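A, B, C and D label the chains in the order they appear, each numbered from 1.
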Amino acid sequence: MQKIGVFVCWCGSNIAATVDVKAVAQALKNEAGVVFSTDYQYMCSENGQAMIRQAIKEHQLTGIVVCSCSPRMHEATFRKTAVSAGLNPYMVEIANIREQCSWIHKDIAEGTEKAIVLARAAVAKLHKNAPLTAGTSPVTKRALVIGGGIAGIQTALDVADAGFEVDIVEKSPTIGGRMAQLDKTFPTLDCSACILTPKMVEAAQHEKINIISYAELESLSGFVGNFTATIRKKARFIDEDKCSGCGVCTEKCPSRKGLDEFNMKLNKRGAVYIPFAQAIPNVAVIDAEQCLHFRTGKCGLCQKNCSAGAIDFEQKDQLIERKYGAIVVATGFKPIDASAFNEYAYNDSPDVVTSLEFERIMNAAGPTKGQLIRPSDLKHPHEIVVIQCVGSRCTEDKEKGKPYCSKICCMYTAKHAMLVREKYPDVKVHVFYIDARTPGKNFDEFYRRAVEQYDVDYIKGMVGKVAVEGDKLHVQGSDLLNGEQVHINADMVVLATAIEPDPTARSLGTMLTASMDTNDFFTEAHPKLRPVESPPAGIFLSGVAQGPKDIPETVAQAGAAAAKVIGLLCKNELTCNACVAQTNEAICNGCSQCEKVCPYGAITYEDKEIRSPEFRGIRRIATVNEAICQGCGACTVTCPSGAMDLKGFTNSQIMSEVDAICR
Amino acid sequence: MSLTNKVTAEDVLRISGVDASRCMQCGKCSGACPNYDEMDLHPHQFAALLRKGEVERLMESNALYQCLSCFACSQRCPRNVEPAKIIEAVRLTVIRQKGRNYMTADRLPEKLDEDLPQQALVSAMRKYSK
Amino acid sequence: MSMNQEWTPKIVAFCCNWCSYAGADLAGSGRMNYPANVKIIRIPCSCRLNPMFVLRAFQRGADGVILCGCHPGDCHYSTGNYYARRRMTVLFSLLDYMGIERGRTRVEWVSAAEGAKFAATMNDFVKTITELGENKKLGDLRCKK
Amino acid sequence: MQEMIINRLRELLADGEYAGVIGWAQGETPFDRTPNLFNAEGLDQLRYDSFCGSNLSKYLVQQASKTEKKIIALLKPCDCYSFNQLCTEHRIDRNKVYVIGVGCKGKIDVEKIRKAGIKGITGITEDGDLLKIETMYGEKEISRKDVLLEKCLACKGKEHKCADEVLGESEETCSGDKYAAVRRLEAMTAEERFEFWRGELSKCIRCNACRNVCPACSCIKCVFDNPNSGVQNKAAADDFEESLFHIIRAYHVAGRCTDCGECSRVCPQGIPLHLLNRRIIQDVNELYGDYQAGESIGQRHPLTDFTLEDEEPSVIDTRGGGK
């Protein structure tokens, strides 16, 4: 039998005005198990708390009920009070007689009667309480960042600067990501490489950062603070430690059929190549599909010419297993495949390019050395049409395209138009747009500059058709403002294509048990309040993997994710939620229903030896990982035998409350 | 359709099976239209005016008979609004009304033309009269 | 209950900790009135509501049981209320099928910002239950004093 | 058919690979077939005929875990659903059972023959769709269709959904709308429905036959036997408890019930318990899309699943049926 103390708070007149607190305290004295009951003006005050402490000691109370304001207000306070008097914090129950009683009722008799019932319910629940101890789990002080674009780099730098080790796993041969492919950035028009490459170098040289390039996450197990990842480092057939990045091999390579991924496949590269001049690691990689040595067994020119002896045709994929405390998803995006939009003649003419391809054409290190020339005949174009929203804002039942706004296209289109007009005033630029969406600091000013200062021809409407006519592209579109159909004979057409999550995102999401939306963007734990966390604890989101965003937003989110990671890694151990689910092994059927409704993947099954009156032998039993369980209780209801229960809100606790209320 | 022969936007929506509220007025339909210059109202306006309930204006439009029913607008529409179906539905509501046949048999001889496939006349009859 | 006393319904309201319980608190701090025969039981999430609790309440003399949780999409645990929604739909439908009056059970989504909605919901629910009268079909006679 | 099954089982049991066969044996009364575990020697006692209505899948929960060897199970098409459901719930290890799907053309409910006024039955022979019944008062005839078990009228088809091999032919015996009885109840007023269920459930003597036979009720320890569950209750002392037991039972098997109809078949009081489960099945199908528990192994049942667009619980106020 519990020895319960009841403490009725007046809350000044907040409670006492409509609840006869003395009558409540008196009535509760008659409840079974209540050995002490009193009232006081302000229970949460120092004097009030002292009174509770003293009563606990004096009457050897095993639990207390405080009738006061909402537990959301002072439950933590009174739990601390109880702890300081030697009680378990979970032996405290609050009867909410202010927000849910005195403040809503005017009649004192009514208020008092209800307060007594609420207090009785709290006492009834407390009778079934048991001391709870929150478990702890250790934290591995290392973070894994998946993706080496600006999002991953920024998160890694911030985490590493706080003194924690970070591994960046990048699937391509170099870090840098999409930002490395950009020519200029809006709205400042500074060169993308100029601001990115120093960060890449910083990451490479950071003693706490370990870049694992040309590698992908193979599998993941464990939970927050205790992940174990297996990383597959693909064979690049170059000894990374020996290669100096001199590039002799890339010059000697006789194969010239590989398509240069970095330049959006606009030009060819050798079978052995370094993606771009500032690549990190600055190490070559061999494309085995193109390499003559792998295809014919001959050649080997690169090997003969490598003074460092770095070429290793025998190299194999390598599996790296490491432990991590936190994981950051920064897998970024790719432009959608424009070939589905044949009305824009993307498949018919090389002069119809996507914006990212155009970005490479405009870039000084790109396939045209920054010369604005048409891919088909290398002639200088005089009239360019940009079509916005290609593949964005489509209905979901449309086979092609995405339902969302890709967010960055309006701005990069304004940038492209401006850059062209700046460098080549002779070139006419027409932009077909549905809405110019430019919310962001200095964004609308930037767009207006394109219109006003650079005289870019913005046409409100969409292009219906692009047809190749001789060496021209006949663009037919609508001008909604002028109520006419326009026809433009353009030399080049740029498609501002939608962006979509990297194709690896879906399988990664499954591996991490991180939830994703129908578009394969990672879902945040709470759309407003936890925007950089994934629902499973210890998984964080950075950059476009979570949703379309531009560079400043990406960097901001990367920093936010890093702050969350640091907050986690700086703890030596994690205190788990004490109110977690728990299996009664004697009666668990092992039927796997609870696992299906657990939003966190906290439930696993193991074969255990059970000795109970009903069963002796080995049986499949549900096990709750207390470090992962958040205590929602979904499992408890799905369990037909009642083997799964929730500590702090057990079946018998809640039923006791029901009984007391209905008494 | 109600007995008073008053055609409402709901009638057109029902006949066409189109959800005009999905239209975001991007104008791609009108950009794709091969007969744009011949039409007084354009595909995107059919969606827009229908949204506003201005069926009368649509019914008075000569675009009903200039639309080639090529369905380019429907096919290109990023939001599955299918303007061609709206035009078709409005046209149907017009020619179903008494004395509103757009094409009658007695006008056929004047249209006969060596280069014009007769099949076209047959289908025009089907399309423009009840 | 003595015979001469006027009957008032007993209502048990299960509120999820994150939205609806906070919504009830807000109704309180806004001094929004609703009848005193509504008694709230705090549960972590609407998905914690076991149908057995609902039946237990009716057995012990409750006249109405209402579950309040976060709006779909807003669950603190992301998916709890979706499960609760299915569970309660199936349970309520079964009770209806067994001849228990519709209206004795209800689910309402009340966010932490919807104090007014909480009060309005409770007022309406109490009104419904008062009109339905005493729960005789699902009560355990031994629990009626 | 029986011969064919026994012969095949002899072959299978010959080399000692299998621990035995779960099948039917002669029960205490002439038309009673009782579940039994056979070994090679006892195969003569195996019975398979039109009276083998019982669903054997639940017996595998215990038997299959007892031995290291595989066990052979004889399952009718409808039994396969329960078997699959139990495998889904890891209550049966699929790898430890060799399933022989046995042909079924519907099983006979002797009670129905008696209810048709034929008393003193001494023997029943089948002649196509006709049953020749020998009674103490002479030979009578009755159409086989008219005396099929209730569950055969809701037959889910002739396919064995889990068989390793199939012996014999099956026929679908479904007779039209299996929800007809549910709809009849729905069409009543709430008062009438309440009276109906009150009347039926008050007959319950809490013998637990429904629970014990139900393949979905396979809990190690039932909440009604568990003093800590808060609903422990061995015998109904109040009309509430009769209802409580059956509501909770129906709810606990919701989404998992394959509609095998065993609960009603075994109820000594003749309570149409399956009408509770069937209503839930109807609800789930209408609200969440067609679902058949036990269709295959590894399914996720509707109550452990959701969609963002699910109906609100208030949908029951506006849905058809009921008043």
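Basically, a contact is a pair of C-beta atoms (placed from the backbone, for glycine too) under 8 Å apart; a residue touches a chain by one contact, two chains touch by 3 or more.
Small disclaimer: the values here were computed from a predicted structure and weren't measured.
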item	value
Selected interface, A-B versus A-D, where C-beta contact pairs are more numerous	A-B
Computed distance of Cα centres, chain C from chain B, in Å	54
Distance from the mean Cα position of chain B to that of chain A, given in whole angstrom	48
CA centroid of chain B to CA centroid of chain D, Å	59
Multi-partner residues of chain A (at least 2 other chains)	597, 638, 651, 655
Per-residue overlap in chain B, given as positions that touch at least 2 other chains	none
Sequence positions of chain C contacting 2 or more other chains	51-52, 56, 79, 83, 87
Which chain pairs touch, all of them	A-B, A-C, A-D, C-D
List of chain A residues in touch with chain B within their complex	343, 389, 393-395, 397-398, 401, 432, 434, 460-465, 476-480, 483-485
Complex contact set, residues of chain D against chain C	182, 185-186, 190-198, 223, 229-231, 237-241, 243-244, 247-248, 250-251, 254, 276, 279-280, 283-284, 287-288, 302-308, 310-317, 319, 322
Residue ranges of chain A in contact with chain C within the complex	70-72, 96, 98-101, 103-107, 110-111, 113-114, 117-118, 121, 515, 523, 525-526, 535, 579, 597, 599, 630-634, 636-638, 646, 649, 651, 654-655, 657-659, 661-663
Interfacial residue positions of chain A with respect to chain D in the complex	586-593, 596-597, 605, 612, 614-615, 617, 619-620, 638, 640-642, 651-652, 655
Chain B residues touching chain A - in the complex, by the definition given at the top	22, 24-33, 36-37, 42, 44, 72-73, 76, 78-80
